[in-house]
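Quick one: the structure is below, questions incoming.
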Amino acid sequence: MALEPGMLLRMKRIDVVVTGESLEHVIKMFKDAQVRGYTVIKEAGGLGSTGERNPEDYILREPNAVIVVACEETQAEKIVKILQPELKRFGGMCLVSDCEWVTGPAVSY
Amino acid sequence: MALEPGMLLRMKRIDVVVTGESLEHVIKMFKDAQVRGYTVIKEAGGLGSTGERNPEDYILREPNAVIVVACEETQAEKIVKILQPELKRFGGMCLVSDCEWVTGPAVSY
Amino acid sequence: MALEPGMLLRMKRIDVVVTGESLEHVIKMFKDAQVRGYTVIKEAGGLGSTGERNPEDYILREPNAVIVVACEETQAEKIVKILQPELKRFGGMCLVSDCEWVTGPAVSY
Amino acid sequence: MSISSLLVPAILFFALGMFACLIKSDLKFPPDMHKMIVIYLLIGIGLHGGKELAGSNMADALPAVWAALAFGCGLPIIAYIILRWLGKIDPLNAAAISAHYGSVSAGTYMTAVAFLAGLGVTYEAYPVIMLAIMESPAIMIGLVLAGYSRRILGGAAKNDKGMMKHLVIDAFTNGSILLLFGAMAIGWMVSEPSYKKIEPFFELIFMGALCIFLCDMGMEAGKRLSEFKSVGVFLVSFGIAMPLIGAAVGLFVGHFLLGYSVGGITLVTVLAASCSYIAVPPAMRLAVPEANPSFYLTLSLGVTFPFNVVVGIPSYYAAAQYLHETYYPWGTVAQVALNQ
Amino acid sequence: MSISSLLVPAILFFALGMFACLIKSDLKFPPDMHKMIVIYLLIGIGLHGGKELAGSNMADALPAVWAALAFGCGLPIIAYIILRWLGKIDPLNAAAISAHYGSVSAGTYMTAVAFLAGLGVTYEAYPVIMLAIMESPAIMIGLVLAGYSRRILGGAAKNDKGMMKHLVIDAFTNGSILLLFGAMAIGWMVSEPSYKKIEPFFELIFMGALCIFLCDMGMEAGKRLSEFKSVGVFLVSFGIAMPLIGAAVGLFVGHFLLGYSVGGITLVTVLAASCSYIAVPPAMRLAVPEANPSFYLTLSLGVTFPFNVVVGIPSYYAAAQYLHETYYPWGTVAQVALNQ
Amino acid sequence: MSISSLLVPAILFFALGMFACLIKSDLKFPPDMHKMIVIYLLIGIGLHGGKELAGSNMADALPAVWAALAFGCGLPIIAYIILRWLGKIDPLNAAAISAHYGSVSAGTYMTAVAFLAGLGVTYEAYPVIMLAIMESPAIMIGLVLAGYSRRILGGAAKNDKGMMKHLVIDAFTNGSILLLFGAMAIGWMVSEPSYKKIEPFFELIFMGALCIFLCDMGMEAGKRLSEFKSVGVFLVSFGIAMPLIGAAVGLFVGHFLLGYSVGGITLVTVLAASCSYIAVPPAMRLAVPEANPSFYLTLSLGVTFPFNVVVGIPSYYAAAQYLHETYYPWGTVAQVALNQ
């Protein structure tokens, strides 16, 4: 984009979806990996290898949580390395993609 | 990224935003396209060609739903082909982007 | 992807996370930038430079809001230029990434 | 009617809500709380109405049904004419706004019930039927007016048949209306001892729950009120004048045609004077997407609703009292004439 | 028992909910409202039960405890045999479904309480203990049946020990069961004047709140009912036959073994005839992931629950009345024999 | 005061909530339920207080107002000194924590009301005014202490003027305080018959709703309690010692200066001993972002709140009883002296 240099930083974005029960573990692992910022959306639903999950279901009450982390590439590698062995247990999914961080807010990555 | 080969798979990510009423249709179409995993966030709001939508509005109660699918490129093409003709009716938006799936969780794409 | 030309448009996606109180300001700025479409998810939580925020906390009640805008590159530049000076005040984060808009829905970007 | 009798808690809580909005308090009720109280109140009002109806002659209810249909069809047409001729409002916005004034606001109705209860005034069982009936005709007239407007504008006629059918079905499957009718049927069916078991929940604590609802509505009305400017002077005046016109019609019908008591006339007047925020706004959003929702929502919630709650209800009651003491209803007049 | 006495508001509201679902109304209660009412109802039923128990001999409660354990263990085994032999249902689905029928539905139980209250019929204090107890054994038997099924299927035996331990803990820390037991303990402990202070909230308005709960459950049942086809004729028939078998067992135990009054027999029968949607479904989802949740949820909520609420409860009551008037309970027989 | 009289349902439900948290039950009340009950309880306590005040001389309320202001300003300073000198807590955390102890916890206050109601003890109308007043001065003193701390630390002085203004406005537009004051005004205004209409909702079922609130708070307190270790021994001891200091001040003021009855002294003591979780925590989060929220939240909710609810209230009541029976209040002493 035609913006002043330094306005955008090349970074990685990690999107994790896990079941509500695993959320705490995942966050703990992020903190272990010295993650300094993440965003969590609870009460998500979805379909996956373990079937459908619906946070509004009266009986099974099965919410998923979406966690988004924006961080530098080296940090992303670290996170993926720490998280990956546990993903089998957690289920869900973990995506990594490219993004650019617009500088301005206090650094929290 | 400097990770072991096989840890990351190149995949596509599809983000769909539609009105709450169309959600069921969209999910049905995903299932018709043999999608094996998606994540849904309900109670979103937004602005679009049909004006503002606010899930908390007392009277109009107009929630949007966000649906995210991570899948292989061929699958993504299939989904887009099936979905695209209907998007006109559904409104909202449908985005496709690149991402990498961190291997580990049971395959649900 | 191997789809008919014109089915996909190269566009930018902007993801903003701010505190619930700043949401209104951010939306006002988007409107000032002639944004014609955005999606908002309220009641998100997270960690950032100002500590943890949890929308379910009984006492501090601190929701974050996630705002997603899909738009053309020139529009994205305009938005970033308008938003960037204010981000310091808002805190949170603002990410820009590439995506492809699947044509079909009424144009709202 | 002393001033202190006007200090009905329900109305004071409405004022508190508006005040909270005015001073930009961070007070905010959870959206689900609003939905829950609405569900509760609709069931309560329906059950009570059904119970009352069970004790009265169903044939006597017919005039109320006719009146409801007449209000639902007639008032929107009056509103449309005023909006178009006096206000030069564009046809589609006029159509959408008009539809709202043919219908009723359950919140206003319940406030009126609380007001009468506070004064110890009784009322007929029939107005609650009108409450349930009036949504649907107003929606249909709104659609007809929109179709007419589109023809004026010379645009391609939309497939109104399909939309009409869709909206008629919607009007009958609308959750709020269904709850109201369903609760009415249940109140009508159940035996006295059975009803006694659920009465504490649906009647005893009703008035208190209504206060919380109105506090919430006060905040909502306050929020809409602040969009005042974008709506313009004419429309705001219309939002006060139209309920007065509706009230005049309602007073006339309630007293002269239906021959109700003071309480009954007051409720009929409130029905005619109030404007919908149950089924009509979403229906118009769907059927007349060209209309600007902020117009009809600001008018309905920000202007007419608070006007009715704060100023209207006591005035309508006073007018009903005056009418009742001064003139005989026509039925009586006719009967007296016949008997002579 | 005239027809009008069957028109219990709670049941009518259940029917209203199903009707709303049938005509595809957009009526929808907020999910949190459901959770809140469930919390309220469980506490209410627990407190009331605890209060009643405080006034009765705890030793007399023991037979009810044994009966609950027997139901929880015996009924799933009966269900499993029927599903496997008559229905040729695959072992793991059979195990998961069976577990549900060893447990109880608090909603059905409360509807039965409302039904008896509507008729003015009294009942013993003990069935509520059974309600709280029956979840856990059913889960464990479900796990045993699943283990057995896996062995039949020749699959690698899962580490059932760990799972068993996990589920036993889950069954006791399950929120709903904890609330029920906790409220029971509190109702049992507090003094009469203290209880009086909270009685209006937990008892006076209980029946009305139950109506809203059942209206919501009616919508939920209607939604599940529509998945009917995917479940198949055999399973749907099973969903009606199994409560009848449970009811027969319950009637027998309630009358002959426990020697309860008509009201008490009815409640015991409802416990035996109903099937869980509190703790068992999530436990089976976890313990038998191979089973299809839509099978047991459709059966539990879409078939057995409405059957019990609409047809079952009045029939069980009639049968209890008949038994009570016709036969002596065994305890009495034995005593009479001894006395002679 | 027998043990059984201590088994107030509200406190037992608090214990149930803590127990649920302790055994790691999956019991969880919807967050909106919490907000709704808080709204309901604040309105209820406000209305009731306003009604009581309407019957009493407003001039008699003044001493309560002075006492509230004195508590709000004095207690934080005491707390700050203890934290800094005894505990060597860093200045900004000390300031933030201190502010909480100048304010009150509505939950503790309501539990005390339930406790007194359970014993049938009456109390004055004035403490509820103190409840509404005490939030604001504590916030301002907190800000002053933070400014002082920043100067000690030698950091750049923040623009405290602006912040002060902002927070003062916040304190008065704070939703909870507004509800409390608003409901008080409404309770004070409405006529007796009007009040009767809403009394069942706001008073009759109040104590039961409070139980659900306290069960929820018990879970919350339990969760915070588990963060115990991160807070350290000194702070935890402070969380128990500070309410005792506050209680001593409260007892003194309630008995000797205000000359209230046993019930009134108990409430004043509870106000002085309790610590805020209404308006102070968010204000401190904003005004003293350098302070660690988990310190003041753990202390306020995890230590002081449960201590007051379970141990404090009965003790304060016993102490009030003792004082009342043993010493004359100063007003009386003075009057007696004058009369002689």
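For the reader, a short list of remarks on this structure follows.
Labels A, B, C, D, E and F are assigned to the chains in the order they are written; within every chain, residues are numbered from 1.
As a working rule, a residue touches a chain if its C-beta (ideal position, glycine included) is under 8 Å from a C-beta of that chain, and two chains touch if they have at least 3 such contacts.
Predicted, not measured: the structure shown is a model, and the values here were computed from it.
Touching subunit A and subunit E together: no chain. Looking at subunit E and subunit F, the chains that touch each of them are D. On a Cα centroid basis, the chain most remote from subunit C in this structure is E. A comparison of the B-D and D-F interfaces places the larger number of contacting C-beta pairs at D-F. Among the remaining chains, D is positioned farthest from subunit A, on the basis of C-alpha centroids.
Work out the mean CA point of subunit D and of subunit E, and you get 43 Å between them. Each chain gets one centre point, the mean of its Cα atoms, and the points for subunit C and subunit F are 41 Å apart. Residue positions of subunit C touching 2 or more other chains: 41, 43, 50, 56, 97-98. With touch defined as above, residues shared between interfaces to two or more other chains in subunit F number as follows: 32, 36, 200, 204-205. If you check each pair of chains against the touch rule, the ones that pass are A-B, A-C, A-E, B-C, B-D, C-F, D-E, D-F, E-F.
Interface of subunit D with subunit B (complex): residues 31, 34, 220, 277, 281-282, 285, 289, 293, 297, 301. On the subunit C side of its complex with subunit B, the touching residues are 1-3, 7-8, 11, 13, 35-43, 68, 70, 97-109. Here subunit B touches subunit D in the complex through residues 50-51, 55-56, 58-62, going by the rule given at the top. Those residues of subunit E whose C-beta lies close enough to touch subunit F in the complex are 32, 35-36, 39-40, 43, 170, 172-176, 178-179, 182-183, 185-186, 189-191, 193-195, 197-202, 204-205. Every residue of subunit C that touches subunit A in the complex is listed here, in rising order: 12, 15, 17, 41, 43-50, 56, 64, 66, 73, 76-77, 80-81, 83-88, 90-98.
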